[in-house]
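For reference, chains read A, B, C, D, E and F in written order, and residue numbers begin at 1 within each chain.
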């Protein structure tokens, strides 16, 4: 499928968040699979509760339908995987979400993961998601920064809280690997890793990694004769 | 760490199996991370029960220790992840196992996975492993080919059984994605996918994909200033 | 709140389904709480997969917002509870969904419930929902009629399949109570009960019952002095 | 079945507790189903441990047998549902218990419930009950008032502890809805709701609500022709 | 406590069952702990449903209270452990039940156990018990002989069904160890073991074994000085 | 099998630990089954992490093979049950491990057990083991002494920490029975029991008890004729 890309859908309408996602996944371009990050211009400005997430699905599905002829597959780049199964209903191309893929990446690295969330309300949604996936016993907890998505762009507000929350997940909850629970935290990945001493999973990178892995693997082996 | 490779350890002493693993992961070399598959010459000839697996750990740990100066990280390429936590005790480099990573890859793609196992005794070991990981509710079952590892090299014996078992996992157990439960089945990946219509995860590819993903991602983003 | 009603939202645009819901809940009007069934005119014609369900949320939330001044509370009357948590984000009035309430009613009556679903794809969505709720161990299975929502209006097509599926849930899966897994099956409630000998839960009735129960109970007791 | 009532059985011999139950369920008489609360005169004075509960079953079953000709169904009104399955063995009429029904009502309203218990020993029994039901993952905890059943009649002793315990369930355990874990707390329902800001489920009201719902619903729809 | 015995309580009034229990535990007298099997003369004739079990508790507790001065501890010898926690509320002596102890013994021997039950109704009670204990994932199923307790005394009726049921548990359900789910099956222990090739746990023997083990162990080691 | 013994294998090479195990199980010799404790001279000096445990398996299996002609069965006496399933693959004699048997003994006595571990790293291994067994919901926690195996021989270092940890398991975690999570703590069994007021399970005693129970029970009953 020449000319096609793996399309990373940002279901909110913030080009700033899309740019952060693009920075995060940029080094994975070394693997040779074209990556393209797009903003759902008709989506909500930010996704901070279930209502925002549910209302982002319609515009995102329409965007994915328009982009389908140019796509190798789709990544939904919001940490609640809005519309994951709906997009699978709509297309036969491979689809994953960054929440789901982040758990997958984390469990490859260690036994129990903790999540740095933005808001307390995110934690409730995560509980439902992790239970629906069936990964609750690997999840040792989520703790919220108590910051809005917009605040994440301000390192002065964010850095100290990230370390504080990450250390509590490590020391009180027993996390052996940390997941950054929002696409907007990508710039802090290595910072959190070096300050907490734990491996850190950035969800957009995780999702793109698994999609690249499946993409490169398909067709690798000769058919048995 | 120039000159280092991601080292894929085959804990049994079969160079034929190591070669099959190498063929499976070869296309992932496109991502630019050096990959090196090695045979544990002092390991058992095949790993068909828990005893074989447990006895493979000593030689494999010794091999990993010798290779450490040349390693970016390790993949344990036997579908029961023998010595996974022991190797993590021994080294600070990243370590994963192909069973664990195959589940991670499968859950990125679909809700419920089925495993094509070699022998009935493998299924009992898988039940313990999946329970220890905490992924039982995503696992809709494992079914055995009833073939020895050596028989896998004979397509006449193997192809029909693979399809029969894969279709039962799909139709009776509700599998939405299939995992090939032995490093020796890698050559049949695309064959099983096309015959069953389900996505198929080859565990060595899955493990190498997640390790490449973590490798390329680290250091990607600038530290917040 | 005089003049207000408990509003039962049909998130699809079928007035026929809304009428069936109204017939189902009509006898509960004896309890004295005003009930009003409304059709989401801008919703999809039917909700047969996750995509239909997700896309029904936007119009339903808009409808609920318009009706809020006339509402005592809301029931979402589609057997996948689309938009349940989103509507709770939007309003402070009590909100329940017929899937959730049907499980609640069933567990009051017996230990293990089975669900008569419309399509196989519904079963997958139910698995995710029941896991997210945490009621998997009470669920002994869902079996699909293999009929479209429209077919449900034709008793000749529907009656025999309902009994066949209900008896298999009872005899093979161990169901002690049956749930009708679609608002459109309401007319068959007593028929299924008499033919299978099991108690049957009709989800819209269940949801309205619990909302009436909470409504009548509030303010019942004197404050302690 | 004219002249029959839904019979609410208080398995202890305290007429004071029976009167409190009657006050709690009184507003549900508006639904038109006759309700009758009876004391098991030969039961224990109070049910504070498993032994009390087990020994209450014999007298309660005998009472239920005597009342059967006058009954539409039975509610067991002690928060450990003593004799629930035994009474189902004895009668073909519908039977529920207030513990079971309170969980059902709570899960209709919110995702996770907390229980205000009387004594620490109640919490151990609740753990066994919730595990047997299969609702453990919805249960975020029970906390005991540390008061005897008799003390509950004294608002001076009870009110402050109720709020303290309710707020800890809300803030430390993440309860989204509170259940009053004893029939004797019914008078404090609205008080706890207003002080904690959470919805509160009174178990006798919950059980009567679901029984009324099933009663009114049966026979509602025409048989398919 | 010289002159005291470990008292095995048969909560039903059948001296024939008590004699079978006594035969089963007789060889454990070799361990030197006095064993005494007693019939609860005021209990039900047989315990075939939850009602029988619940009604057996009162007489059994009274019997245990009378025997307390002569007891080292108590075993409740009915395969549903009626009154286990009630008896623990009544006495400070150690108490176990044969169901609970049979699972303990089985899990010492193998990973997954199956239970040969008497009646289908026993299976429902076992599901509740195993869930309350938290051992569901070790339980691969129970299958009923479909015989009454009285029929068990007739080998012609019982032997063939025991093997048929045992083999289905082994072959279809994956049992690695079988539990005889009724004190009245004790005489068939070795027969079932030799015919199925699986280890077999006789529950009264299991309970007495663990009580003897705890008894002999206490006071074994010197206090640290 | 005259002249044979139940062989208790200490997989580490410490004769001091073997002697402590022998002291612990000595009173169980009263039951008449010959007991023999042996040291795996080629094993690691101590087993403090997964690597030590995995590397102990090879020498232990070789030792068990040599001793097989003299054995009635085997107990693996290290609190992580290294090589349990491998030894079952190697021999047809009965095999248990002290971790597994300690949980069995604990669940016979009470509903929820807590474990006194040596090091924090032991707790991680226990989590994996208890999950693989399927007993997580009975496990209320493990807490580490923070002492090395060698330190256990010094009562001055050990006694106070044992009580502190045991009381936290009882008061904060809700343990109703304590398990000593290392064969080297055996001498403190009665001390911990008397200081915490809880029953205490010493794992080697537990494993020997269940093996003796199965040994004495086999062949007890006459075959049905």
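Here, a contact is a pair of C-beta atoms (placed from the backbone, for glycine too) under 8 Å apart; a residue touches a chain by one contact, two chains touch by 3 or more.
Everything numeric in this text was worked out from a predicted model, so none of it was measured.
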Tell me, which chains sit next to both subunit D and subunit F? A, E
Between A-B and C-E, the pair joined by more C-beta contacts: A-B
Do subunit B and subunit F, two copies of one chain sequence, contact each other through the same residue numbers, with over half in common, or through different ones? same
Selected from A-D, D-F or A-C, interface repeating B-F by over half of its contact pairs: A-C
Geometric centre distance via CA averages, subunit E-subunit D, whole Å: 33
Report, in whole Å, the distance between the mean C-alpha point of subunit B and the mean C-alpha point of subunit E. 44
Counting in whole Å, what is the centre-to-centre distance of subunit B and subunit D, each centre being its mean C-alpha position? 52
Two or more other chains in contact with one residue: find those residues in subunit A. 111, 128, 131, 133-134, 136-137
Viewed as a graph of touching chains, is the assembly arranged as a line, ring, star, complete set, or other? other
Who touches whom among the chains? A-B, A-C, A-D, A-F, B-C, B-E, B-F, C-D, C-E, D-E, D-F, E-F
Okay, in this complex, where on subunit A does subunit D touch? 124, 127-128, 131, 136
Quick check on the complex: what are the subunit A residues that touch subunit B? 23-24, 26-28, 30-32, 94, 96, 100-101, 103-105, 107-109, 111, 133-138, 155, 158-159, 186-191, 193, 199, 202, 205-214, 216-225
Under the definition above, what is the set of subunit C residues touching subunit A in their complex? 49-51, 53-55, 57-58, 61, 83, 85-90, 125, 128-129, 131-134
Where on subunit A is subunit F touching in the complex? 111, 137
